[in-house]
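Note that the chains are named A, B, C, D, E and F in the order they appear, and that numbering of residues resets to 1 at the start of each chain.
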Amino acid sequence: MIHIFCLFVFLLSNTSYVTAIDFCVADLKAAETPLGFPCKSPATVTVNDFVFTKFIEGKPNIFNFSFTSATVNEFPALNGLGLSAARFDIAVGGVVPIHSHADATEVIIMQTGSLTAGFISSTDNKVFVKTLSAGNIMVLPKGLFHFALNAGKEKATANVIFSSVRPSIQLLDLALFGNNFDSALVAKTTFLDPAQVKKLKGVFKGSG
Amino acid sequence: MIHIFCLFVFLLSNTSYVTAIDFCVADLKAAETPLGFPCKSPATVTVNDFVFTKFIEGKPNIFNFSFTSATVNEFPALNGLGLSAARFDIAVGGVVPIHSHADATEVIIMQTGSLTAGFISSTDNKVFVKTLSAGNIMVLPKGLFHFALNAGKEKATANVIFSSVRPSIQLLDLALFGNNFDSALVAKTTFLDPAQVKKLKGVFKGSG
Amino acid sequence: MIHIFCLFVFLLSNTSYVTAIDFCVADLKAAETPLGFPCKSPATVTVNDFVFTKFIEGKPNIFNFSFTSATVNEFPALNGLGLSAARFDIAVGGVVPIHSHADATEVIIMQTGSLTAGFISSTDNKVFVKTLSAGNIMVLPKGLFHFALNAGKEKATANVIFSSVRPSIQLLDLALFGNNFDSALVAKTTFLDPAQVKKLKGVFKGSG
Amino acid sequence: MIHIFCLFVFLLSNTSYVTAIDFCVADLKAAETPLGFPCKSPATVTVNDFVFTKFIEGKPNIFNFSFTSATVNEFPALNGLGLSAARFDIAVGGVVPIHSHADATEVIIMQTGSLTAGFISSTDNKVFVKTLSAGNIMVLPKGLFHFALNAGKEKATANVIFSSVRPSIQLLDLALFGNNFDSALVAKTTFLDPAQVKKLKGVFKGSG
Amino acid sequence: MIHIFCLFVFLLSNTSYVTAIDFCVADLKAAETPLGFPCKSPATVTVNDFVFTKFIEGKPNIFNFSFTSATVNEFPALNGLGLSAARFDIAVGGVVPIHSHADATEVIIMQTGSLTAGFISSTDNKVFVKTLSAGNIMVLPKGLFHFALNAGKEKATANVIFSSVRPSIQLLDLALFGNNFDSALVAKTTFLDPAQVKKLKGVFKGSG
Amino acid sequence: MIHIFCLFVFLLSNTSYVTAIDFCVADLKAAETPLGFPCKSPATVTVNDFVFTKFIEGKPNIFNFSFTSATVNEFPALNGLGLSAARFDIAVGGVVPIHSHADATEVIIMQTGSLTAGFISSTDNKVFVKTLSAGNIMVLPKGLFHFALNAGKEKATANVIFSSVRPSIQLLDLALFGNNFDSALVAKTTFLDPAQVKKLKGVFKGSG
């Protein structure tokens, strides 16, 4: 009986039964396609490819917040799998400025402290704001402006997850003021006062 | 011989050969699903469902621009087909303010006149601006801030197309100032001066 | 000038600019489609639809582990968005038995304590096992057998996320022994001893 | 010990672990969406929903061929699953006329006899023709004209499969001649002689 | 205060915030995948990649029609974005012969003049024909035979858009007569008279 | 007139009309992407790429069953097309042990003999079992455990098709016992008796 099974195993392991794809760890050095990176050779993949070990608090910036990303760039095992994660640690008074992620929904999973988070719908510009604490999850639908700030009395920590292996992040201030976007054009297309544009161009090191 | 063919036709027309779906004209009164509207009964569909006849210049607003949309809302035949269109007529000096479309790429097909159009990438806040005239097509990748203005000497007309049957449109000024978004929160999350926020809240009829 | 902008806002708010979809909160009482539930009427949606407030430790079972799910069933705002979450609290010695999720990748985000987690690839039956602690994320690719156990010295807490709004969960023991699956058929198709099958049928309250 | 497991099973069966979707058998009476039919209530689904029992030779037409379809229309369990099947029995001399399936690849799995099958590429109008016999599979890429005929000496039987739950089928002759398509328009847009159009309009019972 | 912001910008520009993908301009020299071309290096992308400048009337052929395509082949910025465009200029009496696009819906946006356009459904061979003029848009659902002709009194110009970055185009006459498709096989699978096949083989330079 | 058509053909064959993609035969030597292999150069593709000629009974193993796969690995023309096939020949008493395919639905098309096939739902562990004979098709929804055995009196032959170009196959016994999966861990996570685990480790040549 045992002998029979051995043959069975032998047969199986020499057929196409054992060639199907389970994962596609990114080969970050190869050229991307619209749907992700080519796969690293499966023969070189080990369990360590599937574990990201630095999902820890980052170095706080002078605003007392830090973030750590685990997107396909830092964690190639996510390639083709459609989700990624980040960790935020926001000190009292810290602000994550208004930004949006094209084509990625974000879900905030609060760990400690509290955050006031919100998004603005595009259909009627309705503002959805809520103060979150541990035990709360909030959905920020894809593509909409959103923000968060720590209006509480202790540091806030949250895990956030995205429905994309690498969400784009367009930060309002950097898009308008942190580049060489012509100041007159900024003013015309935003209706901000030229003086305001000039001031923030200074703050965000933009030119133009 | 002819007799034989008639039978053949008869057989075919009584089988599942003739039941497959070619289109799914939206029943706009039914509840939407994440992937579109339920289909209107095929028996009631005529050629007129496939033709939208009002793709014409709209009434100019006081800024001397107008637009006409042909999304699934106005043109239900687009349901499930993944694209839609709009027409813009922009007078000299007209501005289409900064906005973004979550998950829809836009393509501008210039007809007459000229437009200065641009978008800002999220990866490095690089500004891509170009002045377009008849014979030019420009791609505005999905989810990114973009704008257009007529800096020319005559009216500009363009067809724009979207990779979505009904793109969401998030207009920066309306999202920040055209609603009850708390002014202090706007200032904190955008770094705009409170006075600037207050002024534009007034302009865009916002409160808060 | 202000007067002009008001008209502008008025014009915008009466056009298709403001009809596009930002989200599709599930109407759980309507019949599902292969791609999700029909949407709840947007007019009835509030910020509370986007916040799930019970993402807390569940009642420990006698194995000293608990879990709390936030799938589309408990959190309808996830409808159509392609991801969901759960929280696990596993006491020392606790085991999450071997199971798989068809078409959903799982990512474990460790919070406290440690877990030994693993999955088995289908291509060559290779076992990928790792002991995780706070700061570690592990990817369990879609569709593969996986498990976790707390071999540490304190309670382990983890958030897990899924690339599906409601992952199916097929637990090996319940699929084989927790139903009326004919025992002889189980033995024949698994090569387990009939006595073993009978014993576990008893444990998992199965019949047949 | 057994007592413990029973509690475990009890706990599991009262949670969202057991609510995920495994299948979505079509409710053919409900309105379709672009991605398929709403699901029949899972409570009413039995094993018989998953078995189609009439995948047998159909009644031969006077051309001595028959076909039997198992698409979502006849076999609602296919809803949302992306594939369907049909059986062809073609007598000596039988012809499956030129047709195409929008957005469905077809794969012919020969059972008995032989068939000469072919398709025409769109890129350079290259003709790919092959005579197939038992043990052969042929791929007919989606959307391209293809045909088959039995040039052998015995009946040919084949299973065909489609990458769609219900492929559309556009048959050249019926599209041109089996309807009220204006004959002058047919001639102009096909470059066929008016006399040829008229003749085939007669054969295929068309008018106009 | 300004100093603080500068640090903020610095921090952001050294993180994965700035690595996400906004676009994937095709590297046409690399091997395609089923979902598109690998991306050109983002560092080499400029605004000119996003602007196609030759969307102008082509050289009229002796039928007095011309067309100009902007697919991913001519306009690599469309890679991965799911849509493309073309311009048609059709003189009085010009005909765009019957053809189909596998898996691409076409939308005609009339500019000047008039066109009689139509498609044939596959489910019941119903003909949908309409004469279009400026201000009309018509949807031609994916995969179906369609055609257009200028039955008006002036040149007709239209922009057409496709729900594919590069629609395949299968033209009936070229598929049947513009290649080495065996004439006897053509006759058998289309029911055209052999003389008709022979004549059109001559016209379209086919052989066989 | 003929002269005119020739020019027409000439014009068409020098335009982008003839560049669209009809198929993407896999270049199996190139690195895979999450969505498939890069395409083989179209210039080297012939009709033989579209025909798989070895879809025949395999060599029976000592259990008297054989199988032959036609996945993208053996039949590169399937690349990007979303389906594949296999042939099973199962002698009296033969068993296809419990296994699952992540993200691939399987459809069994019975040819000769009879098979008892079944699957287990994940939502309530319900067992769906049916004895199939020629003329029956059975759907095994993606990701669920399933099995088949020949309880009849003659050899059974079936074609099976998958909604994937290369389904992964996770066989319960090989995943648990046919590798170096630590025996204590197997016992803990499956609740099988250690002696049972040890015995099957021996049978399936596992270690640990």
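Throughout what follows, a contact is a pair of C-beta atoms (placed from the backbone, for glycine too) under 8 Å apart; a residue touches a chain by one contact, two chains touch by 3 or more.
None of the values given here were measured: they were computed from a predicted structure.
Q: Keeping to the contact definition above, tell me which chains border both chain C and chain D.
A: For chain C paired with chain D, the chains in contact with each are B, F, in label order.
Q: Can you work out the whole-Å distance between the CA centroids of chain A and chain D?
A: So the centre of chain A lies 42 Å away from the centre of chain D.
Q: Measuring centre to centre with CA averages, how many angstrom lie between chain E and chain F?
A: One centre to the other, that is 35 Å.
Q: For chain A and chain B, let me know how many angstrom lie between their CA-based centres, rounded off.
A: 27
Q: Centre to centre, by mean C-alpha position, how many angstrom separate chain D and chain F?
A: Comparing mean C-alpha positions, chain F is 20 Å from chain D.
Q: Which residues belonging to chain D are in contact with no fewer than two other chains?
A: In chain D, the residues touching two or more other chains are 5, 18-22, 30, 33, 35, 102, 118, 122-124, 129, 142-144, 168-169, 171, 174, 178, 191, 203.
Q: Judged by the touch rule stated earlier, which pairs of chains are there in contact?
A: Final set of chain pairs in contact is A-B, A-C, A-E, A-F, B-C, B-D, B-E, C-D, C-F, D-E, D-F, E-F.
Q: Touching residues of chain A toward chain C in the complex: what are they?
A: Touch residues, chain A against chain C: 5, 13, 18-23, 42, 46-48, 50-56, 70, 75, 77-78, 81-83, 85, 105, 107, 109-111, 118-119, 121-124, 128-130, 132, 134-144, 159, 161, 163, 191.
Q: Touching residues of chain F toward chain C in the complex: what are they?
A: 95-98, 100-103, 116, 118, 120, 122-127, 129, 142-145, 147, 149, 168-176, 178-182, 185, 188-193, 196, 199-200, 203
Q: Quick check on the complex: what are the chain C residues that touch chain B?
A: Counting only chain C, the residues touching chain B are 1-2, 4-9, 11-12, 15-22, 24, 27, 30, 33, 35-39, 41, 79-80.
Q: Touching chain F in the complex: which residues of chain E?
A: So the residues of chain E in touch with chain F come to 30-35, 61-63, 67, 69, 71, 73-74, 102, 166-169, 171, 174, 178, 202-205.
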